Amino acid sequence: MSGVFYFISAVTVAGALAAVLLRNTIHCALALAVAFAGLALLFLSLDAQFVGFVQILVYIGAVVILVVFAILLTRDSEAPNQGVYSRTWLAGLVITAAVFAFLAWAVLASLPGLPRRAVAPAASVQDIGNALMTRYVLPLEIIAVLLTAATIGAVIVAMHEKARSK
Amino acid sequence: MLIQEGAAAAFHPQLTGAASVAVRILWLIPVVPIIAAGIVAVLKQPRRRLAAGLAIGSMSFSFVLALFAFAHVVASWASGFAVRETVNFAWFHIGNEAVAMGWILDPLAAVMLVMVTFVGLLIFIYSTGYMAHDENFTRFFCFLALFAGAMLSLVISNSLLLLFMSWEIVGLTSYLLIGFWYHKPSAAAAAKKAFMTTRVGDVLFLLGMVWLFAETGTLLFYNHGAGSLEGFALGILLTQHAGLGLTAAGAIGLLIFAGAVGKSGQFPLHVWLPDAMEGPTPVSALIHAATMVAAGVYLVARVFPLMQAGAAGIGTTAAFGSTTALEVITWTGAVTAVFAALIAVAQDDIKRILAYSTVSQLGYMMAGLGMGGIAVGMFHLITHAFFKSLLFLGAGSVIHGSHDEQDIRRMGGLRSAMPVTFVVYAIGMLALCGFPLLFSGFWSKDGILEAAHGWSLSKAPFDLLVFGALLTAFYMTRQVSYVFFGRWRGHGHAHESPRVMTVPMCLLAFFAIALGVIGTPAWAWFRGFLLNEPAAVNFAAFASSDLLMLMGASTFVVFLGIGLAWWLYGNRSPAAEEPDKLEKAAPWAWAALRNRLYVDEIYEVTVLAFFHWWARVADWLDRRIWGGIVAGVAMAFRGWAQLNRLIDTFWVDGGFDKGCEELSTSGGLLARAHTGRVQTYLRLLALGFVVLFIVLIWSSRP
Amino acid sequence: MTPLTAYLLVAALLFAIGLAGALTRRSAILVLIGIELMLNAANLNLIAFWRYGPHPEFLTGMMFAIFSIAVAAAEAAVGLGLVISIYRHTQTTDVDQITRMKG
Amino acid sequence: MAATIDQIFVIFANWVGGFFPAAWHAAVVDVLGVIGIVSVFPALFALTTVLERKGLGRMQNRLGPNRVGPAGFLQPVADGIKSLTKEDVVPFTANGIMHFLAPLVLVVTVFMGFAVLPVGRHMQLVDMDAGLLFFFAMGAATELSVFMAGWSSHNKYSILGAMRAIAQMISYEVPMLLSAVAVVMIVGSLSLPDIVSMQDQYSGVWPHWFIFTPWGFAAFLIFAIAATSESNRSPFDLPEGESEIVAGYHTEYSGFKFALFFLGEYLAMFALSGLGVTLFLGGWAAPFSFLSFIPSWIWFFAKVMLSIAVFIWLRGTFPRLRQDQLMNFAWKFVLPMALLDLVVTGIWRFLGPGWQQWVVCSLILIAAYVVMGRTAFAVKHFGPRRYRYAE
């Protein structure tokens, strides 16, 4: 069990690293897909089947594809003439290291207080549906409005100036 | 369901209960045309076929449902159950009071439903031909469908409030349709006039409604014993006295009747109806002959218990006791009947003659209601709806065929040019005159005359109505001989109307004759149906010498009128400029009649002059008094503002300027951090996170 | 059974990687990729806490994750739309060069 | 006896599993199931290619393959040998690894979709609680492989084809999901066996398939359209329109990799057909109650083959759409109809059994179809193109 977990984690982290390190943007996007797939597997290993599949459907099926489209539309995949890293990459790296250090320290420091053994979960799709329609119905409605607004907003932002003025 | 056996007196027992299917789907009858109107309203102008199809389809649907409801009522009646089913619901609550609405199915409503949907359907079909060349075809059908829906909801409403709302929508559509050709100033003026005049009656109606609500706490007509027309509420109303010797019931009844006076064009509020003929002819036929103007009569019939309350010896025979309210109704009706008939004699516009004729016939109905009860008045309403809409459609056909000519002196000889129109028009004319035995108009008018003859209070209404019958025969014969006989005096060639117009007329003509069958004294089916009595064929009824004498008299009067008119006008074909025969005989009387007995002029110098004067007074008050006060207040504030400005400039501003300078300087400093680079911000964010974290750890140190 | 700590550490690592990407890359799209990674790390935390929490039957963490995925989808759509729009104006997606909002 | 034949494969798998230690039992059964899927569907693929070529040939008034084997039925074997032995050409500028991975990703993800498909009573690799979602998740992942193929080839026709394909797949995935959601609303479960067992009931001899309800019929049509488009079949075969962009995203593939693409596309078609059959056509349930004695897996494959026949028939009949027509059709007609169908399904559920739900739902759908169809055709650029010749 543990071995599987370490393998999936390794794949995920490797995918994520590749996603931020590779020079070719398209490769970054595909590595991101690998990271997402790994995360979906992690969700599955946590008995969150629904979220895992939603993760694949939304992230690999939509977000990565969107990213890829954006890359092609902005000619980002063509080799850049300067470096791929920002001028202030060192500062960024330092700050990142600090953040990670604190996060890891927090996780490790709270080690004794963490629950060790998991309770048997009961999260069938039906339970999720019921929860969405009862306890979480208001957030659901808000998300619906947000998604509608985001869709319209994205379309208008990305629409051609000419088409808009027509 | 409570069961009433046999012919016990009228409708006192409540026959409501578990609603049948017929009544549960009754609401669809008005709603479907209204929805159709809504859809047609958003159609584009060129979608003519769709608009007409929707309107006609919705009307057919309503007609089928109405037939279903009617069949339900008839079947129950035939098996001894009188139907009065209601569906009530609370519309909204004010405090503890619920304002209830509802609909009702009883014989009265059922008869009206069938009449309105059937006549409406025929007129819709006719309109597709009549309006074929109008560019606002879709708008026309939108209004027409809206009117039909509102009228139907008026008919089925079980609440005075719902009835009033439909009443007003009907008035609105009437306004819109009279002014349909609004580019004609006369049409616009006529629409305005119709709207304003009927509003006078409606205000009184509203007052009556409010009063009724205040007294009984409900506006439902029937509600299992708790409705305003039922025993308990009537009892309350009868104990209240309203002055002038009226009970509250009578006074409220009269106020409601005032609404009916406005809508049904009774004297003295009849002036709008002849002017309303500026609208398209199908509109005149549907709204201003068959349905809307009859709504006043229907309203009186609907609240008849209110009018009748307290009458000595409530009964169903022709000679039941009368009340002040009923007397007022009778006199108004009788006077209107003669008054309008007189005016009609001297008119030359084909539609205007019919309009005055309508006013006159509505007077008959009112008088019939006042003296003979619901059955008599309603029977005339139904028969009149058929033959008068027939006449209007015929007139429309004539106008259509003779190139929009409306002056009867410029027509003539159309008998050969428009044979179908001539035949159906003649049928309508004979029915209206009350030509004996064959035509429905004879039997319904006879019923009214019979009731008037038996009225115990005075014989004067009877005399007036008989005189009215004579005049009716006279002016109709005059019109027909002008239009259809003699030689053609118009321009161009007259032509027969298309099939889509003549077929509805033929159907109406059939009913103008056939409907008489259900209201003869020998088989008083209609009366029995409305009043919940058994109806049997009984030819012995004719044996009564009174009745025979009455029929003889009215036959004589009709023949006299027709003969006189034929003697004066028959086949003469006078030129348009030539003065009328009667004008030569009695110029002053002719002038008076021709000018509609100067009612409009009287209003001009009284009511309108008063309003002009009042408007001037109000204007003066507005300018001098209120305006002065406003100007004074404005001056005061201006002074105050000046003061404030001084304080502001010399005191507040200095400090504010200083503060702004400081802000600007510090803003400039902060802007340095604002590089415009996203990653800087993100970095700062992460840095802030780290700092917060450190603070957290530091503070949570043991 | 893998302890909760392992999941949390993986999430922290993913978060740091995402942050590093967002802070160090030039391309705006890569910045967005980094942000997506951070969001996903948060999702992993949510799910892990749900799984190991005292009341999994309330589905709180799961719901948070689902909503977070929905929000992330919206964020990606709008963010990439903005990037494309910016590219159309400036012919670049280099966040170092896009300094029009400088104060 | 009938029950035994019905369950013969399950019994066989358990029998084989019995030879192994108890701890391995489940794993062995699963492996056998995987072997079954991996062998049956490619065989079906081979059969379908020859049937399609022969069927299309008849539609075009020619014979089709008729030389290899009896009546040409060994043609796929010859084709297989040919594609295995052909030289595998990789373009010089291509991105090697991705070029290699693309067909693999496609075939693997498509195969994974079969895992949740119930091909017969109790014949399903895994019964997941969220099986339908899994299927769609795998379907979404195939888009990635298409992109990889198109982009890595470094050829403008490839990338154009890939962009077309992805745009098309994303556009039609939405109505497809929504039409499946309609079924989910009625069944109340995302599990495919649950969906089938709900349809495995009869009124008299008539089955309770969802296609025989107004909403189900509409959803089925939407699903069929979307599935045709998702599998890039004619008339939605723009990504591979040979008259426009050579062969789309697999222009630069040859030999075995091309065969893999070919296989992947057909497998996707089988998977979508299977899903459509499961959702709307009763899955493995017999069409009449008196035919229940025939094994469930025969029914399933019969229905799948029937829908494949329809696919072939469509291909032989319809001309290809234009790109803008395709997009407009998806977003302005199919998607609104799918959304409306969801509402109608809700109404169906809300009204409860009785004649009213039939009348109301049918009327709404028919009215919407007529109105939207007419408006759509009235819109410029969307209706049939009016050609203007030299004037």
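The first chain written gets the first letter, and so on, giving A, B, C and D; residue counts start at 1 in each chain.
The rule we apply is simple: contacts are C-beta pairs under 8 Å (C-beta built on N, C-alpha and C of every residue); 3 or more make two chains touch, one makes a residue touch a chain.
This is a predicted model, so every value here is computed, not measured.
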item	value
Winner on C-beta contact pairs when A-D is weighed against A-C	A-C
Distance-maximising chain from chain D - centres being C-alpha averages	B
Distance between chain centroids, defined by C-alpha means - chain C, chain D (Å)	33
Whole-Å gap separating chain A and chain D, where each centre is the average of the chain's CA atoms	29
Chain centre separation (chain B, chain D; CA means) in Å	63
Chain A and chain C: spacing of chain centres that average the CA atoms, whole Å	5
For chain D, residues contacting two or more additional chains	none
Shared-contact residues (touching 2 or more other chains) in chain A	50, 54, 62, 69, 86, 88, 91-92, 95-96, 99
Multi-chain contact sites of chain C, meaning residues that touch two or more partners	19, 23, 95-96
Pairs of chains, among all present, that meet the touch criterion	A-B, A-C, A-D, B-C
Chain A-facing residues of chain C, complex	1-10, 12-21, 23-27, 29-30, 32-34, 36-37, 40, 43-44, 47-48, 50-54, 56-59, 62-63, 65-67, 69-78, 80-85, 87-88, 93-96
In the complex with chain D, residue positions of chain A that touch it	26, 30, 33, 49-50, 53-54, 56-57, 60-62, 64-65, 68-69, 72, 124-126
Complex contact set, residues of chain A against chain B	86, 88, 91-92, 95-96, 98-99, 102, 106
Contact set on chain D toward chain A in their complex	98, 128-130, 133-134, 136-141, 143-144, 147-148, 151, 159, 163, 166, 170, 173, 188-191
Chain C-touching residues of chain A, taken from the complex the two chains share	1-2, 5, 9, 12-13, 16-17, 19-20, 25, 28-29, 32, 35-36, 39, 42-43, 45-48, 50-51, 54-55, 58-59, 62-63, 66-67, 69-71, 73-74, 76, 80, 82-89, 91-93, 95-97, 99-100, 103-104, 107-108, 111, 114-119, 121-123, 127-128, 131-132, 135-136, 139, 143, 146-147, 150-151, 153-155, 157-158, 161
